[in-house]
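Would you mind keeping the following structure in view while I ask a few things?
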Amino acid sequence: MDAREPRGMYFEDFEVGHTYTTPRRTITNTDIVNFACLSGDFNAPHVDWEFCKQQPYGEPIAHGPLVLAIAGGLSCQSGMNDGTVIAMMGVDEWRIHKPVKHGDTIEVAMTPIEKRLTSKAGQGIVVFNRDILNQHGETVHSMKSSNMYRCRP
Amino acid sequence: MDAREPRGMYFEDFEVGHTYTTPRRTITNTDIVNFACLSGDFNAPHVDWEFCKQQPYGEPIAHGPLVLAIAGGLSCQSGMNDGTVIAMMGVDEWRIHKPVKHGDTIEVAMTPIEKRLTSKAGQGIVVFNRDILNQHGETVHSMKSSNMYRCRP
Amino acid sequence: MDAREPRGMYFEDFEVGHTYTTPRRTITNTDIVNFACLSGDFNAPHVDWEFCKQQPYGEPIAHGPLVLAIAGGLSCQSGMNDGTVIAMMGVDEWRIHKPVKHGDTIEVAMTPIEKRLTSKAGQGIVVFNRDILNQHGETVHSMKSSNMYRCRP
Amino acid sequence: MDAREPRGMYFEDFEVGHTYTTPRRTITNTDIVNFACLSGDFNAPHVDWEFCKQQPYGEPIAHGPLVLAIAGGLSCQSGMNDGTVIAMMGVDEWRIHKPVKHGDTIEVAMTPIEKRLTSKAGQGIVVFNRDILNQHGETVHSMKSSNMYRCRP
Amino acid sequence: MDAREPRGMYFEDFEVGHTYTTPRRTITNTDIVNFACLSGDFNAPHVDWEFCKQQPYGEPIAHGPLVLAIAGGLSCQSGMNDGTVIAMMGVDEWRIHKPVKHGDTIEVAMTPIEKRLTSKAGQGIVVFNRDILNQHGETVHSMKSSNMYRCRP
Amino acid sequence: MDAREPRGMYFEDFEVGHTYTTPRRTITNTDIVNFACLSGDFNAPHVDWEFCKQQPYGEPIAHGPLVLAIAGGLSCQSGMNDGTVIAMMGVDEWRIHKPVKHGDTIEVAMTPIEKRLTSKAGQGIVVFNRDILNQHGETVHSMKSSNMYRCRP
């Protein structure tokens, strides 16, 4: 934990099939309002309580991209990416399985399913099965996400 | 534009192969800082100017999920989804083609490539090719996204 | 809804005596706190719960200018102004009829009462009776507001 | 400045014809972006730099209600209203004279033009000429605003 | 309260042993979430409700530096520092005595315990005992803080 | 890095005399504005550009408590405290050595100078010399801070 050394995981450090998890964060009404504002997505399921009362979910639900955003922050806080991640490459098969509401606490479980070096030396791509779980252990979002990491110097 | 009537587009209104576009919004340093804060993603490419100066992009880049978030807001502002969208179903083949920086102005072009009714009456899924374009007309992100819409009553 | 064409209403499109309405948004404690912060208006009726408990309203009330701000956002989301509004000209007879609290859902009803072309070609002023309504259909704010719009090309 | 005593001005303290001024605050791009987000007003003059470049003002302009909001905050910081203001009653003849842009520094000059007691004892209404000035001493907004104040106990 | 004159207290105005107090503000969940975001401090006692339920405090607690930040804002709103404070010099013996939670209303009591002129003319340092109190009159934080103030011209 | 295990450092892990450092973050005008808003501290050195131009520092300076807040966030992102810190106990000898402005990039260097177990089993206090450094390696803030940590189970 010395100064200026990357603290994150290098390409070589990721083990295919092992599950890495993050700290947790509770999604609150404040987050839903703040995300509606930042994104400009004020669709009724997120900000119109009268509309929500008439829906099966009964109250505002977190925007899918809000859940994704916070999942990214949790990965940052896990320290996994500190100084070693180069870029987010893409996301596939992102599916939303259950609504996330005020008071739900999420964490992220990331399992490398594929690793490959790129044509450019010193970097490689890790493909993860990435599940976002709530406080009941239910998967609320799932996706495959690909990040490029530095190789160990 | 009368009160309480949905103003958005119903399932039947979407024409496969036609491209629908949104208003534009400029991504600023304020958005990058605010998104780092909201998401908790303070990785160096977004908030450490000294690190960024040593990278090919030279200055902070917008988080991929920030660009996605604002693209969702622009769809909301287009009025396309007002009172007619039911849910975001998922995203596939999300790819990031170019970095987005302070001062880049984005808009979204959405082209339905597939429509299908669901087993539940009164709703259908529209799959879009969704391109996020900058002020030079370059595609910065692309993805296939699936939304469920109400059918015309 | 093709690219780059204004989607809003031109000067000619507004019909005197017709009422145009917007989507709705629920005002939350988060909005009240965020507006106190952004504006710097931390007067006791908005942020001091102990003070509020001793007042007839019993809990924090939304700042009048917060309700006005969100009313403007709802007009934006209605699509009415997209690419066609030139400027806000002024407001007259703005009155606050009832307090707005956490959980109140507002919408805006705008009725043109006067239209006039200006000396400069291609633009005109529309004067609206603008009522902000809560979820019980009560008028919480009313005003006359004047906007300049582009004429149809 | 003892605890729990109102520090603001009572109805009796306001002198008709005297001008009271506030501290100053510079309006920044951050304020414009944050207000667009909080209000939901993402109209092109505020957030689309490509659009703004083609307008006479050349760059994003502060929303009128943003300038009003910050003017209210400056009155709060002046201490004028601390514990003595009861309610904002209304605004008349609000006019926008000049655009406010990133880097403009505003202050508020308030001149009571009318005072009257209300039928309910212990309170009175003060009507102000309220000018918002920029760093060049130019009036950017003007209005008549009416506040209800407590009478001196 | 005339224009451009400092409204705050000069070095000479502070009386050693006298207690100066501020307006009050209620700390809300929105403040806790917003501060976690702004600071990047997402430690479990502030944002993980499941973790908090298992702790003696049972629910998220305000970050110590959030309480300090709002205490500074309350001093600003008291008008004490307007145009007369030059700089914050330092803090000693800052202690946190009780947790602050959603709904707690705080105010600040500042008692000068020492005043000294500096070698540079026209300014002096005031050292305060600074107590932050909740709505039950309990001291939640205490510290000695030193500010430099202008002398009366 | 397995699920649910604390990832931070236990009381026993801290080595007296060793310096632990954090990731870096650039302080921007957005942070200064956002902190003025969140805290309510709108004193002239932070938000009045006309005032600042006449001071030695020439432009807005970051609030001292903003720098402290972000330093706390950087410790969180270092992973040092994840699941192991129990409470912030206090701060002594906090001194501000140089102003922090838009574009300054800070990091935190923490050196334990004292460790002691408490009368309650399973926890201990670590006292740190805590220096906040800018991109030139200059110490901008220094303090002694005391945190309570869990002992290794």
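Letters are used for the chains, namely A, B, C, D, E and F, taken in the order the chains are written, and counting of residues starts over at 1 for each.
By our rule, contacts are C-beta pairs under 8 Å (C-beta built on N, C-alpha and C of every residue); 3 or more make two chains touch, one makes a residue touch a chain.
Please read these numbers as outputs of a predicted model, since none were measured by experiment.
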Next item on the list: Tell me which of B-F and C-F has more C-beta pairs in contact.
Entry: B-F
Item checked: Shared interface numbering between chain D and chain A [over half = same, under half = different] -> same
Next item on the list: Please determine the option from A-E, B-E or A-B whose contacts repeat those of C-D, over half of the contact pairs being identical by residue number.
Entry: A-B
Note to self: Rounded to a whole Å, what is the gap between the Cα centroids of chain A and chain F?
What the structure shows: 26
Item checked: Chain centre separation (chain E, chain F; CA means) in Å -> 17
Next item on the list: Could you list the positions in chain E whose residues touch two or more of the other chains?
Entry: 23, 25, 29-31, 34, 37-38, 40, 42, 44, 73, 76-77, 82-83
Notebook entry, point to check: Touching chain C in the complex: which residues of chain D?
Noted result: 25, 31, 34-35, 38-45, 63-66, 68-70, 72-77, 81-83, 85, 87-96, 143
Margin query: Under the stated contact criterion, what part of chain D meets chain F in this complex?
Written below: 23-26, 28-31, 34, 73, 77, 103, 105, 135
Notebook entry, point to check: Can you list the residues on chain A that touch chain F in the complex?
Noted result: 1-4, 7, 9, 19-21, 23, 76-80, 82-83, 107, 109
Notebook entry, point to check: Touching chain E in the complex: which residues of chain B?
Noted result: 36-38, 40, 42
Check: What residues of chain C sit close enough to touch chain E in their complex?
Finding: 29-30, 33-34, 37, 42, 44, 47-51, 60
